[in-house]
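What follows is a structure written as structure tokens; I'll ask about it next.
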Amino acid sequence: MTHSAPSTDAPKHKHPWITGLVIYILPVILFGLALLLGRYPITPGEVGRSLLSPFFPNLAADIPEVAQQLVLRIRLPRALAALLIGASFGATGTAFQAIFKNPLVDSNILGVTSGAGFGAALALLLFRDAWQVQLFAFAFGLLAVFLAFFGSRLYKSSPLLVLTLMGILIGSLFNSLIALLKYLADPLDTLPAITFWLLGSLTTITWTDIPALAVIIIGGVVFLLLIRWRLNILSLGDAEAKSLGMDPARSKLWVILCATLMTAAAVSVSGVIGWVGLVIPHAGRLLVGPDHKRLLPASIALGAAFMLLMDTVARTVLPGEIPLGVLTGLLGVPILILLLRRNRMGW
Amino acid sequence: MRLQASHLNFSYLPGQTVLHDVSLAVGAGETLYILGRNGSGKTTLLSCLAGLLQPDGGEVLLDDKPIRDFSAAERAREVGLIPQMHTPVFGFTVREMVMMGRAPHLGWLGSPNHEDQAIADEALAQVGLFELRDRPYTEISGGEQQLVLIARGLAQKCRVLLMDEPTAHLDLSNQHRILEIVNQLSDRGLSFIIASHSPNNALSYADRVLLMTGGWVTAYGSPQETLTESLLSAVYGIRTEVITKEIDHVQTPVAVITQRPIALEPESLHEPDSFLSRVFSNGQNDPQLILVTGLSGVGKTTWVTRLIELARNTGLSVSGILSPSTFKDGRKTGIQVVDLATGDRQQLAQLRENDSAAIRTPRWAFDAAAMDWANLRLAAAETSDLLVIDELGPVEFFQGKGLLAGMARLDEGKYRVACVVVRSALLPNALQRWPNAIVVNGGVKG
Amino acid sequence: MVVTGCVPATQTAAPAGPEATPLPSEEEATDTTGRFTIQADDSVQPVITSLYGSLFAGELPAFVDEGGDLLVQAAPEDEAFSLEPLPATFLPGWQMVPQSENADLTNFIGFAVSPDGQQLLIDLGELPSSITLTDQAGNTITFQQPIHRVISTYGPSTAMVYSVGAGGRLVAASYLGARDEAGAAAMSRIDPRFESLIGDDYFSQDDFNLEEAANRNPDLIITSARTAWLDTVSELGVPYFPYDAETPEALKEAILLTGQLFGPNTTAQAEAWVKYYEWIEAAILEQTETLTEADQLRVLFTGTSPLRIASGEMIQSSLIEIAGGISVSADLTGYWNDVNLEQVAAWDADLILVPPYGGASVGAITEDPDWQILDAVQAGRVYRMPKLVAPWDTPTPDTVIAIIWLSNLLYPDLDTPDCGEQVQYFYNTFYNYDISAEEIDSLCAIN
């Protein structure tokens, strides 16, 4: 046996660095595209000069005021939000799939989205202001996970299975409560607002939404990136993780806490957007394999790219916004079916 | 290096103790096998030894330091555990799997570097799987997966490796491949504690063996001391013979389970020197128990009835209890009880009036007086050439009711040859009680 | 119904009413002093006598040939619309026009067009005992006449029932625009029974308590065609009538059908509304057809939240176009559409409208810093559609004055009908509501 013996089984990808380059350049290209495209005609030159105008005010001299403001106040924060939210879904979906040892779970496994949906619906029913809707969505998203997590602690056996079950139960509970609120809502006024929120959209994003979103999501992404190799070990199950010197319960608690904060932050501004957290990790595994050292960064980049693409389609194709949740579902399902068919590496 | 457990007690739920007062020790380069039936506590013991479970009583010591004083990472640098084989969900490559063994040597935020990769590759080379390093773990064979896990233990640089049924589900050649590698690694000073279902692997490879029954230590010592016919028979509840065979010019002990039930025709009683006639002649000195077994309706009672007739024809005395069924319109409607010594019979049980599948009450109404009568006859019967008890069922084995006088008589050995009818499902219980019984297939051909 | 004023007696055609049968009591009647005098064609005198005798316990009416207190005449045919009070049409083609003020006279006219009066006319064979209508979904339904008790579970249809003069027959109703305090107060002034009619909301479009409905003993239930419980209500054995009125044409049709449900007078009043609508439309078109496309103002109609926009299929879009504006969101389909601000900027509206319901407010747009990029917002051209009770931008009879208000707002220099005058005429005539000067001011003020 010699270490220099050629591998009998060539790596799946002949040029892994090309794959890597494409994955990480994709969100950059799509971010640029998101700034260039929109319902209002603005030339690429005007977009570029508008972007630089805060630093060089004379550059924007001959650009229509509306165009400059649209780029800086509408397109830029919205593209940033799509980037952050997509990255968040990619990262949390991957992390949840790892710690639940289950490639079929997504960011909503512990009911965070359902809880957030209920919080948003409640705030839409009680108040009208956007910040209250976001605050309620965020708080109830956390509450749902808290209930699922501590509910599962009531049972001694097989914590992972009980946690999954609790997540499903709490999610269903909040979905029922959402249905109740929709029933109570004024059909002319609150009901469409609730329905639209539940379908997911970045229409109302402004700069004021960005700082909190960025802090939570970037913080969460950094944390998950730092521990990403440990996700490999957690995905083997508690017994093996323990025998390899980890404290799986505490590690999973940190991952759940972090992923929940990120998902709640994302969902509280975007509304319910499904499938991204489920589909993106599969795409990532197909491209770079299951090792979370490479998979997590790839999922983050792919999630950001996917969400930028979806949001650009949602806001440019028709005069009316296409709900993001509808788009991600319509595209996510066929993509997932395709990936599952192509994927022969286990997962 | 010395991993030692003293007087371990453990229970998952209060009042349900899984380990009772278990003590063992393994030194550098030693291999300890833990044998026992399913559910005897082997896996729990391994978890306690690895420090994953905290025992309720007793202590696990690593080089005389309590293992619970070690941090998780410190512990994992000393003791590795390879759980029962399962396929992970994600298709990590072989090298990625082995690299995970480096976890206890890295900080919480750390990830393996080139040095760790070199250690992993070295470990893979040691188990002979370097060529497979880029293959998905989920796509290699079961034996190779087990070797990958051993390599992971090597990369972990631990000094004791605990393995839970490493050869389960593996074919002979793969079993051999793994055990040989374990053997070679143990020669280099790595210690192994292996939970196994194979006494023969233990006979060949173990330095020491721990035999467990229901969480208790039945025996602990060298393979020669522990893997004896009687202990194996007692632990597994099935008669086991240990024979010595010369393999490659070496006298090697091999544990063999004798085949049973055996097919035996009652008619062979008339043939001189047949197995059955030898049983009867042996019975003059040493009580011989024949368990007549088989599925319901194969003709166990018929088999016994024929034996009784033949015995009587031969001039042998017969006593005991026979319970033939009574039929009406081709349907079993009752059970009688016959005292074979006198020929007296009584109605023992009758089908309940409102018998239907929907009613969950027992179908048979037993007559307590007839049962008492049968027990009296069994207790009082003189020691005859052939004692028949038809039959011992779940009531006798599990509820402590029914033909208890018969059970007592068998336990006391107050018979020459006894012929007892037991249905197949209860055979392990019967053999646990009377390990040396001869088991006969009660099916009547033709 | 208070009917005052005078309609010139231009009796031009032969009475269209059915042949009347003389009553036996006529010969014996000798008392001709009466409570008021009636001037009527011979052919309708027997019917009048019956109605009079029924209301005033066997008394006989005093017929005169000239200068009667009450003029009963055949309806003029194809008369051009004029802003006059509506006469009482007690039989198809026959009107009662009071010539003087008299409490008995007012009672008599009210009785003639009431369900009891209708019943008497049916007994006399002057009116059919049942009518057959084709609803907007194309179903043919037969209704017994008269309809005394009606439940309206659809806000717009409730407004239609009031506008044809049948508000008094409601026994329970769901209202549009009466949830807020001002709307509820105004509705109480229009119909003092409002609080009792609205009940506990058992009869809204979403919820319908079958047993509560049965308890009210209705002759008819009117609903939205989009109602979920239509199958259940048919189990009640009470006929129901579904409405669909999202376009001006469908609205006209719905109001005419509403009129036909309740008898000849309501039919005539519904026809009067349609004539009024068409008169307004023509008056505005006359002024706005001179505008070039460049002169036409581009209007955006937002919904309960600023980025929720009315589609081209909604009545809001039609209102804008009838008032001479351009609906920038006419290409949108379906119901309310959610759009983004960039799309709003691309539409570049001259003027933005917000609806008078659902918490929508001008401030939500003008105080949002992001909306300042729009010229209309910078110019302060954001306005709230008014409402008295029913919001003017909903498919209700009130829509007709939304068009006037909007044309005044868009083109103050053009000589379109005046908002104040028309608001007064509309609520007087179609809601029988004597609207105050303050209310007119608050509705027509440009805010």
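In order of appearance the chains are A, B and C, and numbering begins at 1 in each one.
Quick note on the criterion: a contact is a pair of C-beta atoms (placed from the backbone, for glycine too) under 8 Å apart; a residue touches a chain by one contact, two chains touch by 3 or more.
It should be emphasised that the depicted structure is a prediction, and the values quoted were computed from it without experimental measurement.
Q: With chains as vertices joined when they touch, what's the shape: line, ring, star, complete or other?
A: Shape of the chain contacts: a line, open at both ends.
Q: Per-chain C-alpha centres versus the global one: which chain is nearest?
A: Nearest to the common C-alpha centre lies chain A.
Q: Measuring centre to centre with C-alpha atoms, which chain is farthest from subunit C?
A: B
Q: So the centre of each chain is just the mean of its C-alpha atoms; given that, what is the distance between subunit B and subunit C in Å?
A: Spacing between the chain centres: roughly 91 Å.
Q: Can you compute the centre-to-centre distance for subunit A and subunit C, using the mean CA position of each chain? Integer Å is fine.
A: Taking the average C-alpha coordinate of subunit A and of subunit C, the gap between them is 52 Å.
Q: For subunit A, what residues touch not just one other chain but two or more?
A: If we look for residues of subunit A contacting two or more partner chains, we find none.
Q: Counting only residues that touch at least two other chains, what does the list for subunit C look like?
A: none
Q: Report the residues of subunit A in contact with subunit B in the complex, numbered from low to high.
A: Listed in rising order, the residues of subunit A that touch subunit B are 1, 3, 5, 7-11, 98, 101-103, 226-230, 232-233, 235-237, 239-240, 242-247, 285, 289-291, 293, 345-347.
Q: Which of the residues in subunit B come into contact with subunit A in the complex?
A: 47, 50, 52, 71-77, 79-83, 86-93, 96, 100-101, 103-104, 108-112, 121-122, 125, 128, 130-136, 138-139, 156
Q: Contact residues on subunit C for subunit A in the complex?
A: Its residues touching subunit A are 179, 205-206, 303-305, 307-309, 329, 331-332, 336-343, 345-346, 357-359, 369-370, 372-375.
Q: Can you list the subunit A residues touching subunit C in their complex?
A: 38-41, 65-66, 69-70, 73-75, 128, 183, 186-190, 192-193, 196, 201, 203-204, 206, 315, 319-321, 323
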